[in-house]
Structure formats: structure tokens, C-alpha cells
């Protein structure tokens, strides 16, 4: 088995080289037909196709394109962000984390004195943190933070929603999505010397948007229960 | 002025020597016929002269340069044989233009006229031509190039006799207008003798004879008659060729060193003396020593 | 007898012009090999997926990388082909010697590499345009390249292709020198794949090539290395073939 796995790529490579050799040799000796018709038209056609494709490619509306972030976050950076979120003392600490962006904010009037937080967490890397405010303003504030510098910022399909039902705050996970992504890459000969941002699957090791956080602030007269961590004051 | 000088020239492939210890010179502006049987070493000699092959030993100078890998020799020499396989991507017209770009003296007008005369089409490709047509195209290039040294190695392969005669005439006419050194190799003289000035006979890698056509015409004489009489008569003479004809009769070719006495004696003894065409002579001289093909079928 | 001096450089240029026309088969084979490369790239040169949570991402990458690799192979094989007797003898139809023949081959391979480099970079656009118009996708991520970056990439591609051509040319010349090398060279190349480091199962030769050329990040050093390598390869070829006979 190990011998086979060692040899297989080499055999495939030799096969490929053989096929290429055959093709090159055949077309190399492509005999020119009488009276001019021959490979010339194919060549001209080929060059035209290349030119048209190149022009088309550069006139494509590139505002539809996402760029690979200049300084993408790798696995270890993402892990660090995750840890920083866990260790955050208050919202100020969260706000100071440059890697986090506010995706969405809610402000919900709330008169009752007991709040149940319920999440239909499907296993995303979302972290729910609650803080009891010092004042009594009858408002629940919810902020959704996600890691910035990730590729997909504009994905409305995968937004969390927050809904108050009686005294239960339902945190609704987005429906599972299956994203299809096309990556128009630069050639390896280009990226060898141009410092272009490289696209790596590593960026998605913490899910599509990296470490996320829902920060919930409730008035100080409200008692919270549910699947939530507290910021101790 | 000698265009080609060879001294003790030898070319070996491994152990086999294709040409052995050749020494001769070819003067400027002469047409020389290189005659020899297949395998006599003609092509090898010509390719050494052309600079395609490296000599094994001895000396060879072309325009007083060593020809191997020499740009000057290459620029002033054209080698035409029937193995020329021009690039398949070019048609005949483009081939002529390419040749013209390489050879400074190339006469495109002459090439065009010959091209039309032999009914070529400019858009044809070389590999689509028949063997005879290929040879014809090659010699057109060879003629029009007007190189100071023009080498034709078996140029008429596949040509029919009309084209062959046309070629010889064209060659002679162009040579008279633009004298240059020309070597034509062939296994037989056949139709060429009235065009050539010199003849270089080769056999088994060696020069057998190098003389002018005029001298060669006087070189030998044929005698025929009774076998017994002939064998007595030729005892003191150099026999170049001998063949039995009919019953008890023999035909011999001897070196032409006869004096009047010899002739008279031959006449008295009833022998018939006749001249030998250089065509036949070259065949006799270059044939191998195993008698003729007849001997193969003669079982005693 | 004195003959007019021959201007070597002028002759090389003439031969180069001649070869650009007469080696037209090179362009056909380039096209054939690039079309094959593009067909291989239709579904992306690489693809993959991530599904860490409920969501999943599928992605396909489009670039000219596969075509470029195929073009390397083309350069290598074609260069071997032009050293074969049929093509070498083509030269000797007209005025030449081994040096001018080699130099004009070098120039021709350089020209062919330029054409191959530019076209191979362009083929990526064909695959990208096809992907854009015909394949469904939620997002398109484009690696941003500046125009200078693109030019430099093309230049680097040409250098790589030319280096492969130089390798092929040397291999072809060695094979012409002695037919035994037809067996020896592939054996050496394949054999070298098995001489690997103990820790990784990759061949030392490939690792060295990757480290020396592929991982070089200074363009200046890279260009110097390439010029040195290509120069050395051609020098060897020219030295070897200078003693070779033609028209056998």
C-alpha cells in the first residue's frame, strides 16, 4: 500500500508527461495543408479568444468582487481573539479589540424584571455575554460583534436575529447556509514577488465570520437566566 | 587557385574507413564529376568538404580554411542532395525567399524562371512533391544560390530523363555566365560527360583517377577478337576490363599505351580496335574485381 | 583565396527570423497544450470546502497555474524536439555553423518563451470569464494584483519557461551526443525523485529547486539566478554540440 502511494503520483506524472509529449510531437509535425488553410486560422482564433477573454475579464464589474484582506488572520490570531473575548471584563474591553466589528445592534424596550435568554445555538462559535447596567432605563441593548478582516462581511444571509417574546429573549441562529465561492487567484509566478494577500482556508477555521460575540446589556433591576455568561461588576 | 585541397584525408566510422588517404586538389571554376559506385565514399567525401563531417585524419582545406564548423565555408558553399528536408511549415515560395536571404548571390529571377519552367506552384509544400520534383526543386535552389562552391550529391535522383537533360543544360549555361566551382557526384557518367571538365573517379574510399575529360577519352582502348589471340596480345598490357562474348571471343579494355607496332600487330591478327566511351570506361574502372554479374551465374 | 567576412550576429538574426517562420509547429503545439491545460482548469485549479459549523463553504480557485505548469512541460519537450536530427539538419540547409545554429535556437526559444509566457498568463482569464458567466456562486473573491504586479508576473513566467526550455535543450543535446542518454537521463530524473530526505518523502532535487528558485523572494536575485542557470545550460549545450556532426 505504501509502495503504491509512493509510486502512484510518479506514475501519473509519467503518464501525463507521456501524453503531453505525444500531443506536442503530433502537433509539432502538423503538416501544412495545401493552399494555405491550416493551423494559422486555429492560431488566430486562439489568440482572439485569449484577447477577448482578457478584455472581458477586466471590464467585469469588479465592485461585485471581494478582495482578499490585506492582513488576513490565521489560526493563531483567531484563537487569540477568541481568548480575548473570553477574558474581556466589560464592553469597553470588547470595543477596544480592533479585530472585532459591530455587525448589528438592537435596542429593545423591556419593562419586566426577569429575562430568560434562549439561544438556538447550532454550534457556531458565538459567545453570549451579559452585563447588568448601572441604570434602570427599561431597555435591553444587544450588540453583535464579529471578527473583521474576514472575507465575508456583506453576508446578510447569515445574520443573527434577536426577538423578545414576553420575558424571553430569543437569539435566533441564522439558517444553515452553504456558500459557493469563486476565487480568482493570481498566478504563482505573480504572487512569488508581489506581496498580494493570499486566500487560505485557514481563515474559516472559526466558521465563516470568525469568533463572534453577542453582548447583552440589561437594566439593573432585571434578573437574567439562561445560557449566558456574565460580566462581573 | 585551388578551391579544395585534400592531403591524406581519411574519414572513419568506428573501425570502418569510408574514405582512405585521399589526396587531390580541385581548381577554381571547374566542373568536376565525382564518379563511383554506391559505397565508394563519394557522399562522405562531399560532406567532409561541406563541413558537415569532421575528418578523422589528414588535411582538408576549402577556400584554404578547415571546412568543419566554418561559417565562411558554409556561406560560400551550397550542398544539394536528395535528403534535404526543409521545414514543413514553409511553402516553396517561402523556401526560395529563405534561401535568398541566406545566400548573398542568390538570383531570385533565375530561380523564378526555372520554378515556372518546371511548373511548380508557389503554395506547394516540399513534402507534397514527388521524389523527382523534390530533386528538381533542390537543384533550382542549388543553381540560383550561385555559391562559389556548389556541391550536388546525386542531384538527379528520381528525375525523368527530360528533366535531367534540362538540368544539365541549365547548369552548363549558368556556369558559363557565372563561372564557379561545381562538383557533381553520380554513380555513372551518363549524359554528363559533355558538360564536365574534370572527372574524379572513386573506388573503395580512394581516388582511382583524377583527370580531365579530354585525357580520359584517350585513356583506354577496346579490343575484341579471338580469346587465345587476345590473351597473348594483352600479356604486356594493363587490362582494365575483360568480357567473353559469344563462343571463343573476348572483349578487353586496355590502357591506351599502344604504339604503332601494337596496332599493326593487332590488325594482322584480326583484332578489332575501337575507342571506349568514358561512360563505359568509368563503369569498367569502378567495378569490383569479382568479374561481372555474369560470373555470379557461371558455375564451372 | 580571400572570402568576404561573415557577420556572425547578422547571420544569427537571419536564422532567428527563419526559425520563427519554419518552427511554426511550436505555436500549434503550444496552443494544443494550453487548451488541454485550460480544460483541466475548467472546474478550478483547486477546490475545497470548510464546514466547521452548520454553515459550509465550497470554493473553487481559478488561475493559470495549471496552464503554466503545462507550458513548462511544453517548453521542455519542444526544446528537446528542436535538437533532434531533423530540426538540426534543417539549419544546415542554409548557411550556418554550430555556434550560429545554437545561438539562433537560443533566440528562438527566448521568443517562443515570451509568447508562451504571455499567452499562458492570459489563459487564466478565459477560465475566470467562463466561471463568472456560467457557474453559480455567492461570492467572488479576487486576489488584487497591480498592473506592475501583473507585468512582473508575466516576466517571471517567461523566465521560468525559458529555464525549462534551456533544460530541455541541454537534455536534447546530450541525447544527440550519445543515444545511450535516452535511457540514462530519464532514469536519473525519476531516480532522483526517490532520493528524499528522511523526514519528508520529497526528493532532494525538487526541494533544492524549490528552495533556490521557487522560494526566492527578491526579484533581483531571482533574475540573476535565472540568467546564471540559463546561461550555464546553454553554454553546456553549445560546447557539446560544437563537436557534433550533422547530416548523417
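Each chain carries a letter (A, B and C) given by its place in the written order, and its residues are counted from 1.
In this section, a residue touches a chain if its C-beta (ideal position, glycine included) is under 8 Å from a C-beta of that chain, and two chains touch if they have at least 3 such contacts.
By chain, UniProt protein names: B = ABC transporter ATP-binding protein; C = ABC transporter permease.
As the structure is a prediction and not an experimental result, all values here were calculated from the model.
Overall, the chain located most centrally, as judged by its C-alpha mean against the mean of all protein C-alpha atoms, is C. Of all chain pairs, the one joined by the greatest number of contacting C-beta pairs is A-C. When chain centres are set by their Cα atoms, the one at the greatest distance from subunit A is B.
Here the spacing of subunit B and subunit C (ABC transporter permease), counted between their Cα centres, is 47 Å.
One finds 36 Å separating the Cα centroids of subunit A and subunit C (ABC transporter permease).
Rounded to whole angstrom, the centroid-to-centroid distance between subunit A and subunit B, based on C-alpha atoms, equals 83 Å.
Among the residues of subunit B, those touching two or more other chains are numbered 88-89. In subunit A, the positions touching at least two other chains are 29, 32. Each of the following residues of subunit C (ABC transporter permease) touches two or more other chains: 24-25.
Against subunit C (ABC transporter permease), in their complex, subunit A makes its touches with residues 6, 10, 14, 17, 20-21, 23-30, 32, 39, 42-43, 46-47, 49-51, 53-54, 56-57, 60, 62, 64-68, 122-125, 151-152, 155, 158, 173-174, 176-194, 196-199, 201, 204-208. On subunit B, the positions that touch subunit C (ABC transporter permease) within their shared complex are 1, 3, 28, 47, 50-54, 63-65, 69-72, 74-76, 79, 83-90, 94, 98-99, 101-104, 148. Against subunit B, in their complex, subunit C (ABC transporter permease) makes its touches with residues 1, 3-6, 8, 11, 14, 17-18, 21-25, 86, 89-90, 92-100, 242-243, 245-248. On subunit C (ABC transporter permease), the positions that touch subunit A within their shared complex are 24-29, 31-36, 44-45, 48, 50, 52-65, 68, 70, 73-74, 77-78, 81, 119, 121-126, 128-129, 131-132, 135-146, 148-150, 152-154, 156-157, 160, 190, 193, 201, 214, 216-217, 219, 222.
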